[in-house]
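Note that chain A is present in both complexes that follow, paired respectively with chain B and with chain C.
== the complex of A and B ==
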């Protein structure tokens, strides 16, 4: 790669960092994640407890699946919030006029959602340990799974959030578009957590590989496709 | 030419439709009259086993499964074509194939479930790779069609739908992998077709099923494409009409202004 190529890559990531910082600053000021998304996620964990008759053994067995279903539901809110930022005060027009590459905008927005998902996952991990009595057998696997799955959810979510934005009924459209695409993340992350939390005898590290591939594919596809979204 | 704007039919499509109907009648005869139910005798106990009459569902189920993949693959290729060329032809083809493919996919799931009840003793089997992959495929394209029905500017909608279709196609191998690792098992039998384990008339009926449902597919695609093309032409016509009306309005305003000016000068 020549010096021009290196410069372009550096510019891509510098711009992405600017977008991510802007989104996180908006989040820090509005506190939507802390005041609305996180309480919603904890509420879902409690509702699962009620639905499963508050049986600690059952909850411990199914904690990985319940954890990831909760993450996906909360991620829908985070993604919708991330996309709506661009429509408030016509911010997306400002981004287009800034001359930033579409891939930079995509990576920046996905990075901001990723950070929010990581915060959410930390809270939910505490939630399942306290409420469901889960025990962490393999912290490294747990942490890496949380990161790999968050990459997949954040990148796919950002792409689909941009895709549904500006269309009628986007609030109802986003879940039916996004959730089936995230099926491999749900299965992979649940099985990996099964191993990390000692809920089932599976090879969680193999599942981590699938999550990493999903995250990589989603990042590349998202960066390539985001240009077509912001052409509008 | 008047016919081309009021109907999706043409002499060619009517001939295709007629051939398809004759083919369907022939297939029904072979499936329900000429072929026998799948009954085999256990070599040691002598007990009857097999799929019995449920085997007749496979003459619909298997061709539909193949056509589902053909339709979704067509949709993906047409979507990529649209993103590269931006032509309405690609977009209408993608929409038509996705709609026909979703119907085929729904039929695969329903017929598979009905067939599974007597043969596998269950309506639904979690962890069966093919079943789960087909279900996720169905849900992905249900989302695609929901996007298509959302009111939006046509080119914006076409662009976004093309991306959804391409992501769906890329996602499928990952879904397949994940479900396979999830349970690592399938109740689906291995292909008996390639090894010619199935008997002559059954094999012939299955092949006839492929041909006849292939014709049904082609007929549906043809008409759905033409409906899409007419919708596209209609939208363009409405825009042209609105522009013409606006021009006429402006001209009237100009004339009024001119008359007003003359009147004012008097």
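== the complex of A and C ==
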């Protein structure tokens, strides 16, 4: 890679950091994650408990699936919030005119959503331990699965958030577009958590590999495709 | 040298021709008032020149770039003030201006220096700089928005109703900004209904109606008085 290429890569990540820092600052100030998304997610966990009749053995068995369904539902809110930051007062037009690479915007926004999802996953992990009585057998697998799945959800969500915003109906359209695409993450992360929480005898590390590949592909495709999504 | 050169430019909004074969040439350092009735195509014309719309037909060359194929090359060199402010409500005024300076590629001290200059130009004092945009009045937001554009020192200013919502001090600040920009060699296209105010800044008046230029004072056309309320197209 020549010096020009190095400069472009540096600019890409400098701009991405600028966008991520801005989104996280907005989140820290508005507290949408802490005051709305996290309570919603914890409420869903509690409701699952009611629906399954508070049987701890059943809850422990299904905790991985319930955990990830809850993460995906909460992620919808986080992604919608991320997209609305740009569209609330037409700031996305300014971004298009700034000359900033669309890939930088994508990576920055996805990174901010990723951080929020990690916070959410930590809260929900505490939630399933306390509410469902789950026990962590393999903390490393649990942590890596949480990170890999969050990458996949954040990148795919950011891309589809931009797509739904461009189509002008993001609140109603996003779940329909995004949830089917995230089915591999739901399946892989649930299987991996089955292993990490000792809920079922599966090879969680193999499923973690699938999640890692999904996250990598989603990141690359998102960075390449985001420009087309934010154009009129 | 022409900074803006449009020949038979057509732009569609959905299926409607918001611009229906417009011809316009603007030289470097000119200030041009674009006037016309609501829906005449003024906003669409500015968005086209900013590289936000792709021309459906005709030739559109801005700052030496053909906008059919090179829209992104133009964007960083223009500033478009639209009807929205383009600000982040949960950030302070200072954070907003600083963000847009850095987004334009300015680094550290340079970004902060230009942000301070632009804020001063628009009369944003220290008390306002530390407030979040959500709590500002519409006029204060408008001033912040203009300051956020000014940090970029664009070669081409595209201003859509820049005086709207501003008090007298704000309007004067906008006039000063336009004068300074032109003095620095920039070109300015202003869409405005405040004809008398803008005419003091711009000797050239272009009248747009139904997506076409119907009069241009630079070519000796006389149909530049009034607001051309005889009709407008579907374009914004």
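Methods note: the second predicted complex is superposed on the first by the 229 of 232 C-alpha atoms of A that agree within 3 Å, B and C clash if a C-alpha of one lies under 4 Å from a C-alpha of the other, contacts with A are read in each partner's own complex, and residues count from 1 in each chain.
Keep this in mind: contacts are C-beta pairs under 8 Å (C-beta built on N, C-alpha and C of every residue); 3 or more make two chains touch, one makes a residue touch a chain.
Owing to the predicted nature of the structure, the values given are computational and were not obtained by experimental measurement.
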Any idea whether chain B or chain C touches more of chain A? B
Classify the contacts of A:99 with the two partner chains as first (chain B alone), second (chain C alone), both, or neither. second
Contacts for A:5 in the overlay, against chain B (first) and chain C (second): which applies, first, second, both or neither? neither
In the superposed arrangement, which partner chain does A:90 touch: chain B (first), chain C (second), both, or neither? second
For A:221 in the superposed arrangement: first (chain B), second (chain C), both or neither? first
Under the stated touch criterion, which partner chain does A:26 make contact with: chain B (first), chain C (second), both, or neither? second
Touched partner set for A:181, first chain B, second chain C, both or neither: first
Could you tell me if A:18 is touching chain B, chain C, both of them or neither one (first, second, both, neither)? second
Quick check on my understanding: which residues of chain A belong to both its chain B contact set and its chain C contact set? 232
Would you tell me which residues of chain A are touching chain C in their complex? 11, 15, 18, 22, 25-26, 29-30, 85, 88-91, 93-100, 232
Interfacial residue positions of chain C with respect to chain A in the complex: 50-54, 72, 75-76, 78-80, 82, 84-91, 95, 99-100, 102-105, 132, 148
Which residues of chain B touch chain A in their complex? 83, 136, 139-140, 142-144, 146-147, 150-153, 156-157, 159-160, 162-164, 166-168, 170-171, 174-175, 177-179, 181-182
Which residues of chain A touch chain B in the complex? 156, 159, 163-164, 166-169, 173, 176-177, 179-181, 183-184, 187-188, 191, 206-207, 210, 213-214, 217, 221, 225, 228-229, 231-232
